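These notes open a run of structures that come right after.
Both of the next two complexes hold chain A, though its partner changes from chain B to chain C.
On to the complex of A and B.
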């Protein structure tokens, strides 16, 4: 009986310690990955079944509520703009001069044929706000020591119910992510690399997304330049800015 | 003897009327049910062939594997050359290209912003050069308002969608989605007509446009998601299809090239093969069921007749007629009654089948929530087999019923005849 009680308390104590550690780890990840605002110029290389395309864009975002993206190239996409305010998304097409609001199941559609969905692009919340975490092990990825964390959603409005995430033990940035549906099915896999120090925080500047339900060779997302905590004019986050 | 028996049947109606009525009803039901079931199955198969499967369909091998997702990036390219080759290789078939894709249909307000939107099932066909396609998809008859697209930039949308969101003829709607390369698709169409196919699946949010418009919008120059082949006589011939499919695939389809074209037979698509087998099986089963059921009924009728004519057979035996001869006349009589009943039942059955073929029964209310492609009105189809199919249960059941009932004649003993006849 004594032994059983000792085992039980040890188990509960270690479990609670693991949760505390995990929370600290994802807080540190959030500190690196989230910011008051940021301006990012990026290239998205979409490897399709028949060909590959590179799309460059310039994004402005404030917290996880507002973001504005303008596509710069190729010519087919130039001038297309996207505005996200809270949970709403508008897209402007210069060829039709129309602003279309995207909602419902369309948010789960692929963004420009990539392995990212509109929903992926919109959800920029901190991990600590959305998931509860548990450390489940340690592993080396490309020679870097990582914590392996299991995250479970604590809110309802989340695209992926659970995640398995590998966190670099030195830089506290994710190096790999497996994203799962509630059923346990693996939906997406992301790898992060080229971790650089930008304005005092570590940030992976190359991400490779793979939609596991889609054919193709994945989508590379490369951060060409990134600035945190800049002065961003408020008018950018209005529908009027879409047509300008 | 036949003439003598026929006179007997016509003059003594009490011995022939009930069996003739029973045979007629059985044959009538067999014919009507066979025609109706054939009609339903044929309609569903034709509808699927006309709208989605063709008699044969060509897709890339990669597209065929994921066709339910409609992956535009895996579409066929170089279709003009392929169609030219097909026309040369299979001159008794017509080849049409179509593009199916999904998107979002968006209705703008006066500021060009979203007023209403809904998911769209987009279908692009050759409106401008192929009137047969319009006929095949029954578009002219299904139009509720307006006309078919006559120039680029025009489209027909579902009447249900137009009514729900107050879209009028001449107004613009924007189609939003992805192109073949994954770029954003924004294409504005002017609504030239609204349509109701009577099929829930298509009526929820269909948009129909010319294939040249779709190719342009989807960056799919000289491409389509599928090429459908139809026999010029309109009939689906399993043997011919087998031959066409085998020769095409051996010539064009390459296992190591996922973008090479591959031809699929109608029955290989959407589970239609099982459906065709089920149709044949059900018609066969129904005929067997009627033969068995009617044999039992007519056996009973024969037994009753036998009992009623017990005295007559007794007198005939007493007069020296052989049991074998009486049994033979009884069977001949059954054949004659079977023929009369079958002819009568066939005429009435064909009449009813013709009515159901022309008018049909409207089940649209009952099937409005079903997403499968089903015809709203179920019609019968008159086919050559109907002219003799009724004779199988009509004759077999009548003769076997009487043959079984007539066996009692052999159990009669001449020594007891006079006692039985109470002479």
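On to the complex of A and C.
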């Protein structure tokens, strides 16, 4: 009986220690990945069944509530702009010269044929706000030592009920992310690579998103340039800026 | 009586000319009845099928639900009260819970609509019992149209992804347990049917529904917390389609009728010109001008009576045959996206036949009267001499 109690307390103690460590890890990840604001120029390579296409864009974002993206190429997408304010999203298309609000089930549509949905772009709350974490192991990814964290939703309004994240033990940058449905089905997988130091932060500059339920080779997202904590004019985050 | 006797005697005397006019007029006659009968048959069948498969005697909607606005689906759910539960048990209404989902047939992403239906219901024709008879909790039924679009067969499993009421993703394989054939496209296009209790559990919306479909004999139109949508509202779009189809058909029918009436008009002009001596004789015998105009008008209008008789001779057997055998449209019907059966059975109502007879007779009478008016201006002596006036 005594042995059982000791084992139980040891298990609970180690469990809570694991949770504490995990929470500290994701806090560090959040601290590393979040910034006051940032300006990112990126390329999105969408791999289709027959061919691939590249879309370049310039994004301005402040915290996790405001962001503005302008598509620069190809010619077909050039001038398309997207504005996100809190939980609302508007798109401006130069060919129609109209601003459309994307809401409801349209948010679940693919973003320009990629493996990302509009909704995936919308939900960028900090991990610590949404999940409770547990360290479940360690593994090497591309020669980097990683913690494996299991995240379980602690709020009800979350898109992915659980996640498994591989965090670089030195840079506190996620290198792989598996997103699961409530039933435990793997829905999406993201791999992060080319981690570079930008203004004192370590940041992955290549991400590959893959909808695991869909055929295809996923969507690559490559950061061409990135600047943190810049002066961004407030008017950029207005609907009027979409038509400019 | 004299006018009618004379009219028919003269018509028979004219021989081939009369029969040509009569045949053309009878064709217009038969076509008008045939086309309108086809439209009425389609209308009756489509309304009946839509009621059988989808709307019963009307639907109670959640006040926020708008079938034209998919954004409203997420929030349009209401708890099934005890009062409604009693109605469900009495087979007076059946609940439907609607959700937006994504399926991945052959690895392709496809948005669809999931409808939770009571597997024990018998109010709508959906073979929901097939869901009940399956051992699989995630048993689903789809229509042929959906099966073709997704290339799914009975026994196939397909991955479905959905969100619960809080927006959390979930995914599971569902099994297609049966594929039904239905004439109402909106029942099957982009729609999957599963047990309502399973859908409620999936969406975390326990004991809730988006709408209630009433049985054909249910008359009540008030239920606390629900908005009743009657047949006029639910079938308004279809009624507009029928109206526009009838409008389009009227143009063709009018052209054919005008051609037939033109022939009657021509015949009248010619006979008044050629029979001036006869007109003069009538005048000399003391007939008033109005009476002579009447004789010629009746003669012209008699074409339409003969046309009705001739039309009936070949039209009635044709209509009886078509209303029994129907007109087969096959796959064209489904491809059209309209509520239309593979075989259409025209419906000829008494009203339709009487209206068509009146239209043809009245218009033939008018075109016969117009040239006959000239008689009233004729001088009797000149007419007797047969001089052109």
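The definition used in the following text is that the second predicted complex is superposed on the first by the 244 of 244 C-alpha atoms of A that agree within 3 Å, B and C clash if a C-alpha of one lies under 4 Å from a C-alpha of the other, contacts with A are read in each partner's own complex, and residues count from 1 in each chain.
Note that a contact is a pair of C-beta atoms (placed from the backbone, for glycine too) under 8 Å apart; a residue touches a chain by one contact, two chains touch by 3 or more.
Please read these numbers as outputs of a predicted model, since none were measured by experiment.
Engineer: After the alignment on chain A, I want to confirm one thing: do chain B and chain C clash, or do they fit together?
Structural biologist: By the criteria stated at the top, chain C and chain B clash after superposition.
Engineer: Report for A:203: first if it touches chain B alone, second if chain C alone, otherwise both or neither.
Structural biologist: After superposing on A, A:203 lies clear of both chain B and chain C.
Engineer: Is A:160 contacted by the first partner chain B, the second partner chain C, both or neither?
Structural biologist: In the superposition, A:160 touches chain C alone.
Engineer: Tell me which of chain B and chain C touches more residues of chain A.
Structural biologist: Comparing chain B with chain C, the partner touching more chain A residues is B.
Engineer: Quick check on the superposed pair: does A:183 touch chain B, chain C, both, or neither? Answer first, second, both or neither.
Structural biologist: second
Engineer: With both complexes superposed on chain A, which partner does A:171 reach: first (chain B), second (chain C), both or neither?
Structural biologist: Touch partners of A:171: none, neither chain B nor chain C.
Engineer: Quick check for you: in the superposed arrangement, does A:110 touch first (chain B), second (chain C), both or neither?
Structural biologist: A:110 sits against chain B and chain C alike.
Engineer: Considering only touches as defined above, state whether A:211 meets chain B (first), chain C (second), both or neither.
Structural biologist: second
Engineer: Which listed stretch of chain C (45-53, 225-233 or 351-359) steric-clashes with chain B in the superposition?
Structural biologist: 45-53
Engineer: Would you mind listing the overlap between the chain B footprint and the chain C footprint on chain A?
Structural biologist: Common interface on chain A, chain B vs chain C: 103, 105, 109-110, 215-216.
Engineer: Sort out for me which residues of chain A touch chain B in the complex.
Structural biologist: Contact set of chain A toward chain B: 46, 48-51, 53, 76-77, 80, 91, 93, 95-103, 105-106, 109-110, 112-114, 215-216, 239.
Engineer: Help me check something: in the complex, which residues belonging to chain C touch chain A?
Structural biologist: These residues of chain C touch chain A: 70-71, 73-74, 100, 102, 104, 106-109, 111, 159, 161, 163-164, 166-172.
Engineer: So in the complex, which bits of chain B are touching chain A?
Structural biologist: 62, 66, 71, 73-74, 104, 106, 108, 112-114, 117, 119, 174, 176-179, 181-184, 186-188, 219, 258-259
Engineer: Quick one: in the complex, what on chain A touches chain C?
Structural biologist: Result: residues 103-105, 108-110, 153, 156-161, 181-183, 185, 187, 211, 213-216 of chain A touch chain C.
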